[in-house]
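The letters A, B, C and D name the chains in turn, as written, and every chain counts its residues from 1.
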């Protein structure tokens, strides 16, 4: 019941806020904050409690829900899910602190509504990573859309309805195709087991023929590729990220999009091993395209939020790349990447949000010389940026390099191409810094952009601290991830390629 | 012990950065203390090494397992061997001097604390670079120094030129880093390990292709960091940074990291003829190119930067010569570290005296105004052009000698380089300290305070005796032998002929420069109508122009095209799809025309359709 | 065969029809002031009693002779009224659903505090629109209680329709349920011209379609020599290839597909939905669909089950057309009732997938779908009926802008129903869709499921658009108001919303019920 | 004689009726066309009853007449209301509801 309890905490918080009177805004905020902190603490507790020798699902719990469809409320987590849950739950309080005053700004939504939605979203985020029943996963996958839809549409910027609509329709369409495949899997399980089931472990045991796998794979992959987002299904992200409040964007890109890549590791590879192998080459190509495409478009952006969004497209290219090379380094790297990217992009979105809210504009050209008027702000911005361009010493570097080396040992060309991506990353981040932070501040900047305040600092520092800490001691996370990754490799029956000469003895290759 | 080396300056940086304004008052002193104590730790380590026999001088320190995924194991281990300690002393020694110098140089800057924090950060990163025991950990230091260099070059961020220069340095370095990443990956897939020892042990088993590729990748990395052709362009812009930075990072230490890398990876290069040749060629090109650029610069720092390029070209070339060259590469690296740092500090002192004017055409006759600077700079000058017995002579001459041993053309390249070096250094000397005063009005040249001149003097001492000390006291080649293997100079051209020849060339170059710039008056504004060559040299041999034309402009066009494609192409397609459905809907509604009879007709049609399908199936 | 009428088994139908007769008498003899109260007692009473009777008999017979075959309880199998009425699991379940729908529908009919002038129906249907006496009647606050007998007969017909086991009974039931609806459609209190037009179109086309049905039955009769489903089924097995037979099937299909509003027999739907009084639309939209689908399933599973290979392709075509055209045409609608009408067409298409699957799963899933859909429809139109401006219901979408600000509760409830239609998980709509799609894939009609997925994607757009209007668009001067209804509507909405959620979150009991309902009796 | 001819005749009548509905504007005539279709069905039933030798068909015919009568009542009621409102029995004039 531990995971159910974990999910119950924010849910109760949401209900509590619902019953609170609309006017008691501060109280509402405090409740939301406290609840989210408790949730985070509990999530971390569970994560630490994980047995690092066991790659399987832990803390498993299972309660029958809709027996006629073999659906059960079954939760559990392996290292990957655990880390992602911890990441998400840690991010939420930061978002709440950062967005302390975001709700007041909107003339539509109320504070009460805002924080209720955030907490409900947190419930879904935990659920989607903790679900070990494919159907349950799908339910959270879809239900998640609703709070985000309202968060964007009610609290977003000028183009919010358009952005919210685009986001919803993209995700729904993806989800519908996933639903079709989902049913396909269900039927397949009926044919093989005699009774339909959505239980993850049971599904991994199916022996679907390659043809069926290839077809069903596509439905899932489409949904995940839209979520992830991979080129060419990415166009919803920049709009959504640019229109939503910084906190929402951080959650959207930092956590929700991970559902796509998480789904690939957790469901695509184990349930459709043959299809995964069959499609891997195409997906690797797609990933490489995403890396470059995202980076180049990030360079071409004039809006900071959009720039960050496109940089994420590039980052997701790396994650997907690492997943579909099937090597332990690639998979671990991608899993670790998901966590780091959550923190770094989250921090970046928040800082950009601070700037935008001060200057009243997200346009890069409206800034410049911020370093002079708000050095600490500039510093935080730079650190977030550096973590996004994977500077050694930051956790993002470790994960990115793991992905690259994992790719290299499997597919040199992809690795070579992807490696060039790190140059572009350096360019778009530092160019952004140069254009916004350096030079002589304009009058508007001088008058509007004030130094980062304590609250805002408190919101980003933990994320950055974690990035650095995990950069120096990545093993802390990796030792949780590795066993889970080995499990995944077993599902796709892949062994790491041995080095050309000697030295294979050291280390545990496969 | 070893960890402390890195820890102290890192601690300094952390305190100063997190401490904020509170540390403004004592920040710079604290930083100096950290750097100095690191130096003393280094010395202590060195002494303790001397106490041991050459085999077990190397010290390894296991801190913790950094990364372990599958068979990819990277320990967070440090190692101090004869090669590293040389660097440690150079970095901490010169570093500390420059820290001290900066106290004076940056005294008026409101961000001085930050400056010292960055300096400490740099020292820490550079030490990690040379103390790591594997290529991947080295990578961390490698980009760490890149970051420090970025921060320090664009330290005066309000100057757009500085900001741009910093970004350029980092990005170009990233290009080099691609090489390092690829090298690490190749090592991992070929040997299954990325530790220095591991690779060295397995190297012999590696196939020639992989070895060659690794070599090339490492060379690319070296080019990026050490501003070698074709990645040299950033170094000249890097002079936007405060002069101490140029002295420490862009002359003495960081830019030589490439040399360190190649020497470190000697196991690879020993086995790959092709890779070595590539290194030599790159080195040769750069040493000429750099020298060439140096000849036409009126900006004293840019002139020195060009010279740095060319001097590092020498080192790279030497490193490319294989076992015979490694030692001399490091040898020259160390001497160069001393005299070039001295020269830069001198330049800084000069600028300090003339209100930060860098244009040598506004100098002249400064020898009277700032004596100490004149003397120290002069000694550095003698050292770099290789007049015996000054430091440069010993190291450079060895390289030239070894080069001739390798191949006559390479030898000639080094020889010419020596001549050109003499030319542009003499030119610089003449334009700065001799001739008539061409000072801007309102400029009253004055000597710098002791806090600045003292380091210059110490370094001047180094430029005088450094070479001899290393050669005879330290007898460096035998010292480094356990690391880089034994050098056996099988040489047909004997030094007895070569030394005079070299000297002659050097003197010729110097003499020509003296005649042109020492005797005749120097125009205050650079003459416009000059030979194509001079123009090319002034424009850094069009390095930027080429980058601009080959990468930047096409890149930006591509970006614009993609942005258009993203909105019009991909998004347009989706929007088109939606529009299409909407249009269908708008058309389809019209069928619903409100006339009951037409509805009935539709039903009849439907009945017909149904009947049709039913009968169709039956057939 | 012995001629007998099992009154017990037919009790619900009898109760409702008797109630109908009684309520006519009330109209005739009870003074006006007492009529309404009496009628309400009669209506709700009869429905409740009928429902109780239904449940009782169902459980009692289930416990009695529930024969377990093939792991699945075959449910109740009994032929009543000399085989012209089939009392079996699916039939009873459909009847139960219909009675629930009728009950909630009746509450909406009874609502009289949303419209200041009275209830949703014209004070006097006979008066000319805009005429002097209409004004007077309205002024005197007269209301028509004639709607109740019509309502009761319609319910009676609906109850009979899905259980009728021969073509004649089915035809009669069809007319009994349709004729009152034709009249009710024309009785709107406001916008009477539209209402009357709707009534006319509904009537003419309805009669037209029932003529098709009847002629089809005649053709079948001429082949099978009987109109009784069981006999037809056996008779047809040897004369598969007869063109007359195919023609008969086709014509019957036309008649029934018209009632469920399948393309290309759907064109009455938008006009009637838009023109008719909203309470009626709620009741008719849910009830007719349920009853008609019950009949459709029975006819094609029992009578023509043997020749599914003949008629399945035809259903493929119809289903595809229905799903696509329904959702595509809804995209550009600007009137909320009209938009919902088109969406109802699309949903018909989804249920047709279950029909085409021709499997037990198809049957049970459609039963669940109809129940879920019934609640959602009632809820939707109940909300529509309380969103009004001075001239009556505000059905133009632009008037819904910013409704979320004006009345968050109502708006969110409506959003819930819309999400259910769009098939967002944790709402009944999703469970239903999943069940039907699963049945479809299992039944080998995967392409239909793909089409369904695509059309759901299209449909998502216009559902989301309403949410955007209500919540993201600032309110303007012609934003409608939400009137506070009496408990009738409140409860109706509350019940529908609860059901929509429960069927989404804890659908298992109902799923068990539809599975245990078993198959049709032959 | 061949009983199928009756069916054919019925079919012809049915078709005439159907086309009547589509072609004629006057609501009354449209309505009569519908009745004609119903009666075509009746004819078919009666003749089929003869061929199959079961009386059901003829009984059904009676049922249908009753139903038709009921339909007439409702139909005329509606049509008359429309007529009184619009002063015209043309079915085409009632097309406010469309698209």
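In the analysis below, a residue touches a chain if its C-beta (ideal position, glycine included) is under 8 Å from a C-beta of that chain, and two chains touch if they have at least 3 such contacts.
Here the structure is a predicted model, which means the values were calculated and not measured.
Core chain by CA centroid proximity to the global CA centroid: A.
One simple way to say how far apart two chains are is to compare their mean CA positions; for chain A and chain B this gives 36 Å. Chain B and chain D, compared by their mean Cα positions, are separated by 96 Å. A straight line joining the Cα centres of chain A and chain D is 65 Å long.
Separating the centre of chain B from that of chain C, both taken as means of CA atoms, is a distance of 79 Å. Annotation for chain B: residues 589, 592, 594, 596, 600 touch two or more other chains.
Multi-chain contact residues of chain C (touching two or more other chains): 200-201, 204, 208, 212, 270-271, 461. Pairs of chains in mutual contact: A-B, A-C, B-C, B-D, C-D.
Chain A contributes residues 231-232, 235, 293, 296-297, 299-301, 327-329, 332-333, 369, 371-372, 376, 379, 386, 391-393, 397-398, 401-402, 404-406, 408-409, 415-416, 419-420, 422-423, 426-427, 430-431, 433-434, 437-440, 473-475, 478-479, 482, 485, 496-504, 506-510 to its touches with chain B in the complex. Of all residues in chain B, only 578, 581-582, 584-586, 588-589, 591-592, 594, 596, 599-600, 602-603, 605-607, 609-611, 613-618 touch chain C in the complex they form. Of all residues in chain D, those touching chain B in their complex are 18, 21-23, 25, 30, 91-92, 94-99. Partner chain A is touched in their complex by these residues of chain B: 17, 20, 64-73, 136, 139-140, 142-144, 147, 150, 154, 157-158, 160, 162-164, 166-167, 170-171, 174-175, 177-178, 181-182, 184-186, 188-193, 198, 201-202, 205-207, 210, 555, 558-560, 562-563, 566, 570-571, 574. By the touch criterion given at the top, residues 589-590, 592-597, 600-601, 604 of chain B touch chain D in their complex.
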